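For reference, chains read A, B and C in written order, and residue numbers begin at 1 within each chain.
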Amino acid sequence: MTQASMTTSAAQAMIAMERVEKWYGAFQALHDINLSVRAGEKIVLCGPSGSGKSTLIRCINHLEAYQKGEIRVGGTVLGHESKTIDAVRREVGMVFQQFNLFPHLTILENCTLAPIRSLGLSKAEAQGRARKLLERVKIAEQAEKYPAQLSGGQQQRVAIARALCMQPKVMLFDEPTSALDPEMVKEVLDTMITLAEEGMTMICVTHEMGFARQVADRVIFMASGAIVEEAPPAEFFTNPRHERTRKFLGEILGRH
Amino acid sequence: MGPDEYLFLLAGLKWTVALSAIGFFFGGIAGLLVALARTSELRVVERITAGYIGVFQGTPLLMQLFVVYYGLALIGLKLDAWVAVSIGLTLHASAYLGEIWRGAIEAVPKGQTEAAKALSLNYTSRMRDVVLPQAFRISLPATIGFLVQLIKGTSLAAIVGFTELTRAGNMISNQIFQPLLVFGIVGALYFIMCCPLTLYGAHLERKFAKSAR
Amino acid sequence: MNYTLDFTPVIEGLPNLLLACLGTFLLALCGMVLAIVIGIGGVILRDSRFKPLRWLVIGFVEVIRNTPFLVQIFFIYFALPLAGIRLDPTPTAILALGINGGAYAIEIIRGGVQSISKGQMEAGLALGLHKAQVFRFIVLKPALRAIFPSLTSQFVLLTLSTSIASAISAYELTSVSQRIESDSFRSFEVYFTVTLFYLVISWLMMRIFALFSARYFNYPVK
């Protein structure tokens, strides 16, 4: 890659966060966040609880408002007016820790609701798209069931399919395996790995370090609302530069 | 509205308080029996009390007062209107309180009864010393809520023809032709009685919800 | 005691009584619809950013909940003409029932909306739905399901309190029965029969609500 194309791709970063700051009242949740994610890049965000990693990704689709700095998704500057927020949310998929499937809608309806209501797809189109994606997360035969009839792992795979139905350019994962029973973690991670291999741009808040090693282009460590360290996984795990990173890795890898 | 009118309203208010107190007191005693019968685990007794509760919760209080009022006259009991209304309110309250307290008794964890049984306590002691005190606490917000409903319900005695607060208001309003003023004052008097109870009930509910967490 | 029950006036008045049952049913139904409208509107105002509006709703709810319906219906009955509004007794009764039921509905609906976890709304927003769409497609049904039992018992209470509308001679079962009673003096017979009618009406109401619930809330929950 030439120097010139490098700068172009940096300028056309899929996600760019510049000097982003966020407060909850007097408490500063994010300090001077600068982060640029290229198309197709996979980022793993980790850090102790309360370090601001969830807050960071929730700023990207404006589930949390930020007070200073700038966030750009695709070419769009994420303002605070609903027009750009909607535009960004249509491009950014999100998967939550608690799945947040809609209990009163079938699996298929969970997947078609937003494509119909937000993108204006016909019911048939949306259903076709949904069935294909449910197939991909290996859950097509459950399409007519309701969320409460599925296991946690299955629900989370549906949540991934539901987000993909919007054909997003970026996927955000907010601790997608933390609420799962241990035996269900793998099926969700496998789905995420497949997605990564297909070239999706991903930002994952997770403590699954095996996943980070396998798919991440960069691992970012946060503490107290700031980015402490970022490095490719090989370097991050073998040679962490900061004391806090070492301590965190010691705890988290010691546990597993 | 002169002093005479105010005094007349206060006399009506006195009866509203009296009817509420009588209905709540005797209705409470009868309601406890209803609740115990409803949770007795004797099929027939449970069915009968369920029917009793269903009838009172499925018909208007006004009709209950009418039926009791004329029914008592029919069997030859010549009673003062306030006695007939009190009996009607007592029956009404016994059904509602019985249902509230049934729910509360059933909300006490089963392990409590089992533990009491394992300690060889008999039914009376199990209920009096273990289950009812806990059920009482659980039921308190709903019980207070019903007391408010009962105070407001005494106003229906006015339609039966007994002069409590609402009927006193109605009579004055017919005399001085200022219905909004009179019913405004009447409403305010009810509000003064009921609002503290409502607030206290809501306070207890929040408190219990917090401690349950 | 040598009184013999005589149900002849009741039997003769049966067509009128049955028609009046329909009147009670319709009165209750209209009252409920109005109560729901006031309830939803009230919930929106209750959480408005404009503080005086919030206090107005809170005050409204407390005044209605802490005063008898009979006093409210008298007040509205006399207040409307003074405000230049001429309404027949029956529409006046519907208005009073709607206002009374609406105050309770505000509290109930508000509880239902609050019972929906924040994650549900966030998931909807993250999918690019607007706030109104999130309410319509994601919050509404589960919230209704959560409040349906208390809404049902509140509406049965509303149905029963239609009898109080007889105080302003609205067209419903109690006022018709009072007319038959005063013509025949068979008070017990008339009121006993009418009480049974009410029992059937409230039982029907509960069946309708249960059927609706079974049909509309047919999704499983954990």
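Here is the rule we go by: a contact is a pair of C-beta atoms (placed from the backbone, for glycine too) under 8 Å apart; a residue touches a chain by one contact, two chains touch by 3 or more.
Computed from a predicted structure; not experimentally measured.
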Reference subunit A; chain at largest CA-centroid distance: B
Could you name the chain whose CA centroid falls nearest to the centroid of all protein CA atoms? C
From the mean C-alpha coordinate of subunit A to that of subunit C, what's the distance rounded to whole Å? 47
Subunit B and subunit C have mean C-alpha positions lying a whole-number Å distance apart equal to 21
Dist(centroid_CA(subunit A), centroid_CA(subunit B)) in Å evaluates to 56
Given the complex with subunit C, which residues does subunit A contribute to the contact? 61, 63, 82, 86, 89-90, 92-94, 96, 98, 100-106, 113-114, 117-119, 146, 148-149, 159, 162-163, 166
What does subunit C use to touch subunit B in their complex? 1, 3, 62-63, 65-72, 74-75, 78-79, 82, 156, 160-164, 166-167, 174, 187-188, 191-192, 194-195, 198-199, 202-203
List the residues on subunit C that touch subunit A in their complex, please. 117, 119-120, 122-130, 133, 137-138, 141-142, 145, 217, 219-222
Contact set on subunit B toward subunit C in their complex: 55, 57-64, 66-67, 70-71, 73-76, 148, 152-153, 155-156, 158-159, 166, 169-170, 173, 179-180, 183-184, 186-187, 190-191, 194-195, 198
